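Think of it as A, B, C, D and E in the order they're written, each chain with its own count starting at 1.
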Amino acid sequence: MDLFGQYVVNGLMLGTVYALVAVGFTLFFGVLDVIKFSHGDVLMVGAFTGFTAASGAAALGFSHPLAQLAATVVFALAGTAALGAAIARWLILPLKSAPRLNILLATLMLGTALRESVRLFYPDGSNPKAFPALLPTSSWQWGQFTLRADSSILVVTGVLVIVGLHLLINRTRLGLAIRAVAQDEETARTMGINYTLIVLVTFALGSSIAAVAGVMNGLYYNEINFGMGLLLGLIGFSAAIIGGLGNLYGAILGGFLFAALQMIGAVAMPFASAYKDVFAFAVVIALMAWKPTGLIPERASDRV
Amino acid sequence: MDAAIEISGLHAAYDKADVLIDVSLTVAPGTITCLLGSNGAGKTTLIRAILGLTPPRAGSVKVFGAEVTGEATHRVIARGVACIPEGRRMFPKLTVAENLRLGAYQEPSEAEIKRRLAEVYDTFPRLAERRNQLAGTMSGGEQAMVSIGRGLMGKPRLLIVDEPSLGLSPLYVKENFRIIEGIRARGITVFLVEQNVHQTLAIADAGYVLSGGRVVAGGTAAELKSNAEFHAAYFG
Amino acid sequence: SAKDTVKIAFIGPLSGGTASIGVGGRNSAELAVRLRNADPKAKYAYELFSQDDECKPNVGVQVATKAAADRKVVGGITHYCSAVAMSTVDVYHKFNLPVIVWGAVLPDITYANDYKEIHRVNGTMVNQNEVAADFMTRAGYKTWVILHDTTDYGKGHNAYFSKFVTEKGGKVLATFGVTADQQDFTAELTKAKELKPDVIYFGGLTPLGIRIRQQMDKLGINAQFEGVSGIVSDAFIEGLDPKLAEGVLAFREGAPVEKLPGGQYFLSEYEKAKFDQGPDAYGAFSFAATNLLIDAIEAVGPDRKKVTAYLDDIKNRDSIVGPITFDDHGQNTVALITKYVIQDGKWVLWEDSEYAAGKRKLAGAK
Amino acid sequence: MLNRFPPLAVAAAAVLAGMVFAIVFMEQESDVAVISLIAAAALAAWLAGRAGVAEAVSRAALASPGALSALVAAAGLGVVAAFAEDHFPLLMLATVMLYATVALGLNVQFGYAGVVNFAGAAFFGIGAYTSAKLVGSGVPAILSLPLGGLFAALVGLALVVPVVRTRGHYAAVVTIAFAVLFKTFLEVNDAFGGPQGLPVAAMNVLGWDFGDAPTLFGADASFYLNYALAAFALLALAFTLVRRLERSWLGLALDAVRLDETGAACYGIGIRRNKIFAFVLGNAIIGVAGALYGCMQGYVAPTSFTFSDGLILVAIVLLGGMGSPWGMILAAAIVVVLPEKLQAIQEYRFLLFSAVVIAILLFRPSGLLPRRVRRYFPEGGR
Amino acid sequence: MSGEMLLSLEGVAKSFGGVRALNDVSFGVARGEILGLIGPNGSGKTTSFNVLTGLYAPNGGRIAFDGADITGASPQAVYRAGIARTFQRSRLCLELSIFDNIMVGNHGRLNRGLWHNLFARRALKAEHDAAFAEARELVALFSPSLADGMFQAVGALPMIERRRIEICRALIARPKLLLLDEPSAGMTHDETHQLMSDILAVRERLGNLTIILVEHEMGVIERVSDRCVVLNYGEKIAEGTYQEVASDPLVQEAYLGSA
């Protein structure tokens, strides 16, 4: 089992990406009680924004990878934050009194619109793009086992981002306001909370988390494409749910679990590796039957 | 000194139905002024109009002399207003302590918040016991306590209270009226909506009666008690 | 004098992951139509009725029905995706619509039926893999790990390549089927790495090809990367770090356009037409097929049955993709296969490359 | 303004206008015509609303729902008849009717019982694959439709435990996972034709071959006419069933379960039982529609039944107005026909389509034909 | 105290995490009695209703109703046994009509057969018309104006009307035991008075209906209850007529606030 470590490292990397997508979902519907299905596509937009920034920086003569990385991250975060706020302003807020599922459908359609827009209007948008390798590419080799510096940096960053977000939501005044707004708009206003601002901020925040995931995805796979958000969104959603919505750490758990399931499905099962997604999603269904509110369930807050 | 609340010619409506028609009233600073009226008379709507939750169709609302008509709710609150809303309105997934903290949302000083929290826990020992319980799982009356405590956390100049004693046990109903009197004693203006007419008039300085969306009577508490129209509106 | 208008259908993937090929094909067909309409000798005015099959069989059936049911449509230039072409042949047959396949390579499209209406200008994957297996074993490679997508296209490539390469003495160490929208291949590749193959063979289309090549590098796999006609597209190179693209091998049916006299003409006209995107790898086939169809209509008039009969008799007809001869299944039998290698960010004919000249070396080459 | 006329007459005129519009619209090919017709329709709908047509129609619906349904059915058949010789419009019409049937099934699940199902396309696919496998192997087509429904319902049973135990967002993930799983399973599994899919033989019901063009008044009609008529019959059946379900104590129980599980439980309403009933019935309806769809397409492939297709189905239900059967039909027509009619602007049609859906959601949050308060019988109980 | 008792609780306990909401609570309700269940906020009144109706399984103790053990039974079974309730927080289905909401309460008596509902429309109509007449009559007792608009959505009505409908929903199926949780909350003195009179009138007509009433308005308790049980911190601290418990110093201190 020389390669076991390699699988673990791959799984951790994959799990981090999933967890980062999942944490966005948890933020939106655990905290704001909204399913925002465009999340995967916002992630893709984040990746493309970052890619554009990196290319732009390169074109302007900033050849140092760190400069390009900074440009990538800054623009990706700012761009998606603005996009998120715009989504909140023109899609979510007008729909807030409509049935819950409407928001889901609207964001879904928005996802399609984003995807199609990138495909149609981004130069040569229908083709995959080579995302530059901006992180140190040195690696350590032990027999069959390769540990790359860039992967390690990504895993650590991802986990730090999630922990930071958790602290923000649970330990700060802003976090308290975000959670309050999710539960009762009017009362939140009555407490003196600037409702609109908080919603915009939350969406900006959640969307920039998606950008982090998108850029991370780009840095890891060195390839991005307009359809990358679709399956990633679904997996992130599933990961968030199996982890449980009560807690942002559920997203980490769900993300790593899903990655592990795929790895196991691909290499440790008697059937062909193409069945790995069938396997992973079947386990998700079974998990939901066993733990209907996820592995880290929310505390029940409703009573009669 | 400016009136704490000054409303003139206020009209408000939901969709088609007119709920408030040409309402004018004044709440003098430092008083307890009550608003009485039967179910559906429009009392809650009036409060919503003051807070900017249901923007009025016409008329003006002034708080401490400043025009607030059409202003966003959080700005009205920033003028030193706090509200204990009708129906308690917990944040069910937040703990009792978090709910209370939200009452002091606009207060930047953590030390001050801690001080006020201690005060509220002092008034409602039950809340101190249960500070980490999710508010949604509290009993009806306990939630009323959270709601009142939350209003007190704001340390306002004007406290607007909508049926606070709903669901409270007799002991706490009395306690509630005592608290409100205590608030006035600190120079805070109280605008109080209550169904409990007798106890309310016993502590109020002045009052108005709303019926079918119109002010049908108004005056000092003593005047109201002896007012014929008041009896007609209230006791049919 | 106003000419009668005749409609020609073009169907291909105009959206989705293979859209660049589809749009390139559509533009090329459009170009053929424009050039013909500009020709005063043409008997009819042609109109291209172009439809998006999204590379999905069900959508393909829908748009194929739409085209075939339109009485003004006389013939079609249809499909790049094999799965779609497979699902629509019945429709064309039912409506007697003569079509020429311009890119799909699965043999069954022409050979699994006796439909007179179906023709194909490009070769099938059989020839391609035979040549590939031969070339690779001659180059000294011994062991392979195969990844293929689970569409008929990918499965077909896997089947033919495995067959030919084993016949020629090569050894397939492992085979992995992957789904067509998969992002992460690290599990499969880690397993592949353990087997230390000389070559990673990939049977599938560009987007997956890019990802697999990238992730090979992530895992430190130094094997030679060998692809199929599905990755011969500009997008493949653009989607990869130049370092990783360098030295990738692939094979494609048909003569190299640049090498044929007609090819130069096509490329320069395409340039002049100022489309917002290049013809990509299959534009030339689409152009050739459209011209063939228009020739047929010019010769026998806008009548589906007559056009079908005309096309069935095509023998050794010159085109920009080489001579075309349809066998009794409508398949172009002139199986020219071109070998490509990526050199300095371009698909270069193997014979012209520095690799063939020995100036550069493929990965793991002996 | 229209009060002078009997409501039923106004309703009949509106239905007739709708029918004429549908025929004219289906015939258009140019973008300009299509877009101006859409604009005209929106304007007409708005004007009609102002003039009290909607009110008259709803009064007619209240007083004599049977007559109104018959009128609409006749109009629907009229549209089908108008295109009896044209393959493609018939295919579109039949597709609309089958999608509407599927939406009715979903409507039972989440419009009534509140059980969200994002795997509608998967159950549709189970029906289609059932007919692909069965019709080919000689099972009479007349049996393959109910069997399609049966299989869809049976496979759905595998999900019943998690579906019933979970709620809200957690419930959504169960069907989403199933939708993804189902498509991938088909793709990697050779027994079902893999990604390529399977051809489906034409239906043959008691010697009536659906693949043959029927002859109508001497003229050769399109063979799709067979399917359009079958789809019509299926839709009418499903519609009646769902309508009756809604207007019965069973429908009431489903509503109660959706709106307040705790309250419903305290009044003796079995939560699990009702959810399972709705889930199974909905899947069965969807499966039957899928079986016919398979035969009509002549081809089934995994890509027809993806998660995204499931979302389109959900979109139909929401756009139509949850719980509103007429809304399902209207929305199905829009969702199926619109992108098709926009083929001429090819690359941009999905963008445009999503923009249209978002616009509808923003301006008609409760759907195109929102559900009205339930009446069990015409002028109930008076 | 078993024979003549309709309902009896013996040593019932329920806790949530660290909170002991009910602790060894025992009391009974006789047939035809109106029992006032009172106590300070958070003393366990609503929780006893929830345990009684099967929403929470008790951690200990036994509950017997009408000769059968219903400890830990499902809410559905409890309802079938003949217990109906209202909720402290109104739980009507706001999108549904008044009639629909009341029929939810009537569910157990309606024919829920598949054939009957889907295909036997005539029979269904007959049943529907009878149920409608009955519901209408019941609503008219509380509010004649509501009875004229049985098909309006409940969400459009003011709170007080909703409370009335909720009581009708509980009454329509003629339960043996009715549990009312603060039915008059938020009403004025007069409205409360009126509501209680209406309830008493209906009770008269239904004959022998047993009621447990949770209420903080002592005037109401005094007027309608035959007997009271007082809870405090989840424990029973007193039992007896209103006069008896009201003069109990323990009750005065914990609940009434000594005068």
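Operating definition for what follows: a residue touches a chain if its C-beta (ideal position, glycine included) is under 8 Å from a C-beta of that chain, and two chains touch if they have at least 3 such contacts.
Here the structure is a predicted model, which is why all the values come from computation and not from measurement.
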(message) Spelling it out: a chain qualifies if it touches chain B and also touches chain C; which chains qualify?
(response) A
(request) Name, by label, each chain that touches both members of the pair chain B and chain D. (result) A, E
(message) I want to compare two interfaces, A-E and A-D. Which one has more contacting C-beta pairs?
(response) A-D
(request) Work out the mean Cα position per chain and let me know which chain is farthest from chain A. (result) E
(request) Would you mind pulling out the distance in Å between where the CA atoms of chain C average out and where those of chain D do? (result) 38
(message) Just the number, please: Cα centre separation of chain A and chain C in whole Å.
(response) 36
(request) Could you grab the centroid distance between chain D and chain E? Build each centroid from C-alpha atoms only and quote it in angstrom. (result) 43
(request) Would you mind pulling out the distance in Å between where the CA atoms of chain C average out and where those of chain E do? (result) 75
(message) Can you list every residue of chain A that touches 2 or more other chains, as numbers and ranges?
(response) 116, 230-231, 272, 274, 277, 303-304
(message) By the touch rule stated above, which residues of chain D touch at least two different other chains?
(response) 184, 187-188, 262, 347, 350
(request) Find every residue in chain C that makes contact with two or more other chains and list them. (result) 15, 150, 177, 179
(request) Chain pairs that touch, all of them, please. (result) A-B, A-C, A-D, A-E, B-E, C-D, D-E
(request) Using the touch rule from the top, collect the residues of chain B that touch chain E in their complex. (result) 38-40, 126, 130, 133, 137-142, 144-145, 163, 166-175, 195, 197, 234-236
(request) Over in the complex, which chain A residues touch chain D? Could you list them? (result) 29, 35, 91, 94-95, 97-99, 101-102, 105-106, 108-110, 112-113, 116-117, 120, 230-231, 234, 237-238, 241-242, 245, 272, 274-275, 277-278, 281-282, 284-286, 288-289, 292-294, 304
(message) Going by the contact rule set out above, which residues of chain C touch chain D in the complex?
(response) 14-15, 50-52, 56-59, 61-63, 65-66, 68-70, 83, 86-87, 90-91, 95, 149-152, 155, 177, 179-180
(request) State the interface residues of chain D toward chain C in the complex, per the touch definition above. (result) 86-88, 91, 184, 187-188, 194-197, 199, 222, 297-301, 303-304, 340, 343, 346-347, 350
(request) Would you tell me which residues of chain D are touching chain A in their complex? (result) 110, 116, 159, 161-162, 165-167, 169-170, 172-174, 176-178, 180-181, 184-185, 187-188, 262, 307-308, 311, 314-315, 318-319, 322, 347-348, 350-351, 353-355, 357-358, 361-362, 365-366
